[in-house]
Amino acid sequence: MAVAIAVRVRFFARLREQSGTEIEALQVPPGATLEDVYDVLRRKHPALEAERKAVRGAINQELSDWSAVVADGDEVAFIPPVSGGH
Amino acid sequence: MAVAIAVRVRFFARLREQSGTEIEALQVPPGATLEDVYDVLRRKHPALEAERKAVRGAINQELSDWSAVVADGDEVAFIPPVSGGH
Amino acid sequence: MRYDVTTGPIDAHELEAVVTHPGAGAICTFSGIVRDNSRGQSVTHLDYEAYAEMAVPQMRKIGDEIKQRWPAARVAMAHRTGKLEIGEVSVVVSVSCPHRHEAFEACRWGIDRLKESVPIWKKEHAADGTYWIEGDEAKPATG
Amino acid sequence: MRYDVTTGPIDAHELEAVVTHPGAGAICTFSGIVRDNSRGQSVTHLDYEAYAEMAVPQMRKIGDEIKQRWPAARVAMAHRTGKLEIGEVSVVVSVSCPHRHEAFEACRWGIDRLKESVPIWKKEHAADGTYWIEGDEAKPATG
């Protein structure tokens, strides 16, 4: 039985600048949620946005709740709010 | 004192087809209104639209009331409603 | 600002270039195209006829009114005349504004006013005959 | 239908050609342009960054929703990424419909949805610094 699953993490825009990386491979325990993944990443990249409501998570290009569970091979992305504008 | 004034008359679209002419010189009595001018033209061109509300008159490129008086040298135009559309 | 009545094809890009400037964040461009059907009939082509000496000043008046209502707007409009085939562009209104909602509103207001007040007429060559389109009425052409 | 995220210039005419067809009487095209000012500050240039693999499907979803609301509509949209200078086109949405009012409404709905839901971010290089624009907030860039 797997003791860890592998996900590909992508950062964009302000979160990319804070993490200092565009893409990274990450191993997390089976059953990890988006929130768990982000917590791991926050420990690796202390500059990463602390205010959770300024961040959305996506799994395989679909916006997902923080409680969504990631699976082996998933592409996980953390993105800031889009520009909006008038 | 002038016994007649000269105007240039222009017809457009359906009225042009009815009159059979695009432009014509016309002499009318001093004090003639747009309505008088149109009546003269209706006698010359019997096919010209009889229903007055389907016609607008313009003097020197400005839409004008039927009671507006024309002056020597004016360009008088008779035009149908514009196409509108959605 | 630019207001044209022209027998040649209309280049929407040229009109957009007229309204673009460094303070414009939004351009809304409307193009009217010759459709292949009207009044439930198939259409083969159109003829547009203009009273150009009156149409161009009337377009300018609409442009001036747009600038009164939306002071930051810049406006260009052109209408083509003569024979137009299906798919050809008959009219273009392009408006730039700092922000997009005002660009949409000003452009729409402009084409609505143009259609109701600029002396340009449409003759429709359709399966059921040839008609002058006057507002909601289609009147048989005789020319 | 066409949905692009591209580093090269956007050709609005190309998008209009995609939506044109014999039943379309109206095309409304919105272009977003890089303005020389924002938040009361002068702007020198912008950088746009996209999550392209998510942005293109999201654009397609917006196009599908437009077709649900306005069944006769045809839609094309493109967003540019990378460095953009003042006056350059960042985004274009073009919609054709049989009649003009629905073309305006569908196009405006499309650009509004795009701006609020497609994962593309704007970094503003302005007189007072460099900021990521996130909704109504401007947050200092650090990269």
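Labels for the chains are A, B, C and D, by order of writing; each one numbers its residues from 1.
In this text, a contact is a pair of C-beta atoms (placed from the backbone, for glycine too) under 8 Å apart; a residue touches a chain by one contact, two chains touch by 3 or more.
A quick note: this is a predicted structure, and the numbers were derived from the prediction, not measured.
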Within the chain touch network, how many edges lie on the shortest path between chain A and chain D?
1
Return the chains common to the contact lists of chain B and chain C.
D
Longest centre-to-centre distance from chain C, chain (CA-based):
A
Intercentroid distance (Cα basis), chain D paired with chain C, Å:
24
CA centroid of chain A to CA centroid of chain B, Å
75
Whole-Å gap separating chain B and chain D, where each centre is the average of the chain's CA atoms
50
Show the residues in chain A shared as contacts by 2 or more other chains, in ascending order.
85
Residues of chain D that contact two or more other chains, please.
100-101
Between the chains shown, work out who touches whom and classify the graph as line, ring, star, complete or other.
other
Any two chains that touch count here, so list every such pair.
A-C, A-D, B-C, B-D, C-D
For the complex, give me every residue of chain D touching chain C.
12-13, 16, 20-37, 86-87, 96, 98, 100-101, 103-104, 107-108, 111
Footprint of chain D on chain A - complex, ascending:
10, 12-14, 16-18, 47, 54, 58, 61-62, 75, 77, 79-85
Okay, in this complex, where on chain B does chain D touch?
85-86
Within the complex, chain A is touched by chain C residues 99-101
Taking the touch rule as given, give the residues of chain C at its contact with chain B in the complex, in rising order.
49, 51, 53-54, 57, 115-123, 132-137, 139, 141-143
